Amino acid sequence: TLQHIFKEIFKASLELQEDDHSKALLVSRKNHPQNTIVDIKGEQIGDGQQRLIVGPCSVESFEQVDEVAAAVKKQGLKLLRGGAFKPRTSPYDFQGLGVEGLKILKEVADKHDLAVISEIVTPHDIETAVDYLDVIQIGARNMQNFELLKAAGSVNKPILLKRGLSATIAEFINAAEYIHSRGNGQIILCERGIRTYETATRNTLDISAVPILKQETHLPVFVDVTHSTGRRDLLLPTAKAALAIGADGVMTEVHPDPAVALSDSAQQMDIPQFEEFLAKLEESGLYKPGKVTIK
Amino acid sequence: TLQHIFKEIFKASLELQEDDHSKALLVSRKNHPQNTIVDIKGEQIGDGQQRLIVGPCSVESFEQVDEVAAAVKKQGLKLLRGGAFKPRTSPYDFQGLGVEGLKILKEVADKHDLAVISEIVTPHDIETAVDYLDVIQIGARNMQNFELLKAAGSVNKPILLKRGLSATIAEFINAAEYIHSRGNGQIILCERGIRTYETATRNTLDISAVPILKQETHLPVFVDVTHSTGRRDLLLPTAKAALAIGADGVMTEVHPDPAVALSDSAQQMDIPQFEEFLAKLEESGLYKPGKVTIK
Amino acid sequence: TLQHIFKEIFKASLELQEDDHSKALLVSRKNHPQNTIVDIKGEQIGDGQQRLIVGPCSVESFEQVDEVAAAVKKQGLKLLRGGAFKPRTSPYDFQGLGVEGLKILKEVADKHDLAVISEIVTPHDIETAVDYLDVIQIGARNMQNFELLKAAGSVNKPILLKRGLSATIAEFINAAEYIHSRGNGQIILCERGIRTYETATRNTLDISAVPILKQETHLPVFVDVTHSTGRRDLLLPTAKAALAIGADGVMTEVHPDPAVALSDSAQQMDIPQFEEFLAKLEESGLYKPGKVTIK
Amino acid sequence: TLQHIFKEIFKASLELQEDDHSKALLVSRKNHPQNTIVDIKGEQIGDGQQRLIVGPCSVESFEQVDEVAAAVKKQGLKLLRGGAFKPRTSPYDFQGLGVEGLKILKEVADKHDLAVISEIVTPHDIETAVDYLDVIQIGARNMQNFELLKAAGSVNKPILLKRGLSATIAEFINAAEYIHSRGNGQIILCERGIRTYETATRNTLDISAVPILKQETHLPVFVDVTHSTGRRDLLLPTAKAALAIGADGVMTEVHPDPAVALSDSAQQMDIPQFEEFLAKLEESGLYKPGKVTIK
């Protein structure tokens, strides 16, 4: 029948359009079938080995970051995170130490030979950050701050891009494209939970986003288990799920004394909890430090 | 300060209330710390071993179910699913074979010595179903059909209760309580994705719900990877995540010829795809048939 | 170009499909361009005049309903609501008086010459309800309880169908079609808020659903301002919005003493508040009792 | 009982906390009970009269803006909008004319004696914008771009702040507080729809947010009917609802030839449609140009 023919043409047309569209994107796997590997001080992110990014929510002092860094180093890990510019819902909450925080991070990283990751929130600070950081993070609230994405695309430094609070996967991929289109293809995507009606968790971890992002793009994909759940008791099980589903790594927050942390006190692990977290992750067989584990 | 004291009293009071509330529930782990084990024809669901429930979306004919059952049996699995009463958005879509479908399921299950699971949609049919089924499923659209829950609570037959399309975890637990409060404690909970703004998947698999439900209740928890994703290409990765996070099992749909299925044709596996799915699941080390795998 | 031609064919094909699909539905305005008018004891719902449905959340006693009915009558209104079968999240909450509640409603309605509306939750009770009620309500949790919809379609009694907690407009229209397809075309649709991430209100009133439902179907459309907001202070403003946007009426809850109500105590008005609500609605010019007001 | 006493203390404590919290905010009505009136070239926004902000989605040329401005002027309106910096999902979509667009807006506004509103997307451009614009808009994607909010708080120019795509009302109020805390209290809030699962509209207009924002803050509140619905056929009904519920004004998009618009072609009105929109709004009695209409 005519209608059947129409439907077939319609399907063909849709596929044509979609092919066209995703072929056009630099971050698309259709354009570039092999995995992008992002080199961070020798760590080859995206090479099939799964990694952890660990550190306090906010940089509060040299001593605080140093204590976490020592614990990270002791576990044989390489990637340290810490917030210097903190986007906060209220203007009266702690806003971070700013450039002072970046300096602390660099000093600690140099001391322990770690790589360091921190969020930058204005185009203007991107250039400053290049001198202090090994990876520049673009946070969830800024995923569609397109001027910031363009600035991140103009430097020669790996970018960790977090998914927006209610961004679709298609919007997330386009945000990465903003960076790549300016010339910087060293991008790590990070799923960190989306906003839904459920209140048992801070956000809802969209675990299916991981295999979709791995299929649609050639970029490494991390899962931030701290912000997606907002619950210390869910960090271990969600980290297992993230590793099992094929994430290139997991990001989580550790603080020497979470109870007095200037932000996110309810969801950070202290150092013994972190060591137990890591031990149980290894025990599960899902995390094998130093070995290729993604199947 | 006065305010600080108020806050402390406030916290104590909140905890008191919560303790009270969840202690009161029969399904709460506070009431009953050890795992409930649901016996289905000798399969001890909730004993630490992880299992699969497999079968076609809809029962279409004896031959169709028989073909899937043979494949299920061949893989050493025990639990067969199939829809006889189909809740469909449009009244003009295929509504299932009804009691005829239940008869087919029983006949096939007897032939292959499998246990059989199917959805019932009215209180009136619960009694009929008892004669044909090993597990009665309450579907997502009926999670708050309280009269159906009460009827399910009044029979001596295991119940698989699916989470509602936009049910909170607290509402889900209360729905299980409706069943238990009528005397039937043989309940399996099933996460099947929630409704969010994201359109890349049919629903959003709320993987964190699994450890929360395991903590809050003593009931076994399954994950339906077919309905949570609606995508054949995501069945394997989400099944891995479900097993890694500690689900007691995974439910998925298999049809001899998905392209001509009367429902859900886009998301069912055919038999060779199912065999590959199972092989890759075993290869990943996450699924060990016949062995206790939850850590 | 070829692609442009494809796109044009694609659009044509899409329109063809949509036309086809909505033409097929009995509730579609394409099928039946003129408004359906539902006669409730002489009130012509859908005739252009806007009406109120008022009453307590739950029927608690003859005296309680009688007191509200007297207030409703005094204001020249005709349509009384009250819950006899109460779907509640917890099995331990008040579940309603059941058939006893229906009898109270009928007795009070007869005394004051009002029409009475109440929710029915199982197919089995629909037949009983026909003797007591002027309108049978299908609640939000049962919008996709298809067996209940079919039963509602098989009686000769107006049905007020509430939108499901997270139902799309398309699913809502299909739920109405379930009723109509069984022979009962006397259907009133009721928007009652949808589940979103926002917690300032109990649900999010989807006000745009009103004009969409009026365009897509020929059925009258009401707005339940009580359940969509869950806040007494928002009843008046949202009722104004509902009338302004073209709803055929507004439903709200009134209780002689909300503080001791057995359900929804925080959102019901007492009788003086209800009288003030009505006075302010008239004062706004948006509500003109007894006159055609929809433009 | 002890528990009852605890509950009472708990409630008292909660109220105390809340009082404290919202009293602390500069934008809170508790702090400042009278309405803030924002003066825009003599228009007293927030004085009880309801107003329209009208103009094309994007500034494309002097002629295009001039044509719309003439139509706006002809209708006795004063407030013209137009996008010069366009935040777009894809980097390959039209990004706006930038400063060139601001110049066109100013030239046209001066010619017709209108006030002009446009979105600014980086802190750096705020200072430039001050010379060209009468109102600086912060868009939905930048509602939690805190550095941009701080920059907007540091200039002496009215700010129109749009609600984020999935911002809670509490987060929206805190975003306004970022601006006010830096010294600029001339803030207009704009509800523009939130992201939900519903796909019949581009976003879901959260109409209840209007009375909540009017209660919680002393700031004027607008409703953007174009972006909340994304459908030309819903502009008139939602504008009526917005005016009826007490918004201080409505924002909508008009383009001389929407079919060839460089953005949002499906939802802009052409000039005759705009004139009909306005005529019907006046006919409804909800919009009275030049008169105080909020009750």
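The chains carry the letters A, B, C and D, assigned in the order they are written, with residues numbered from 1 in each.
Simple rule for what comes next: a residue touches a chain if its C-beta (ideal position, glycine included) is under 8 Å from a C-beta of that chain, and two chains touch if they have at least 3 such contacts.
Just so we're clear, the structure is a prediction, and the values are computed from it rather than from any experiment.
Greatest centre-to-centre distance from subunit C is found for A, with centres as Cα means.
The interface holding more C-beta pairs in contact, when A-C is weighed against A-D, is A-D. Distance between subunit A and subunit C, defined via averaged C-alpha coordinates, is recorded as 46 Å. Distance between subunit A and subunit D, defined via averaged C-alpha coordinates, is recorded as 33 Å. Shared contact sites, meaning residues of subunit D that touch two or more other chains, fall at 166, 170, 195-197, 199. If each chain is drawn as a node and touching chains are joined, the picture has every node linked to every other. Those residues of subunit B that touch subunit D in the shared complex are 3, 6-7, 9-10, 12-14, 16-17, 20, 166, 195-197, 199.
Residue ranges on subunit A touching subunit D, taken from their complex, read 24, 87-92, 121-124, 141-142, 144-147, 150, 165-166, 170-171, 174, 177-178, 181, 195. Residues of subunit B that touch subunit A in their complex: 166, 168-170, 194, 196-201, 204-212, 215, 228-229, 233-234, 237-238, 240-246, 280, 283-286, 295.
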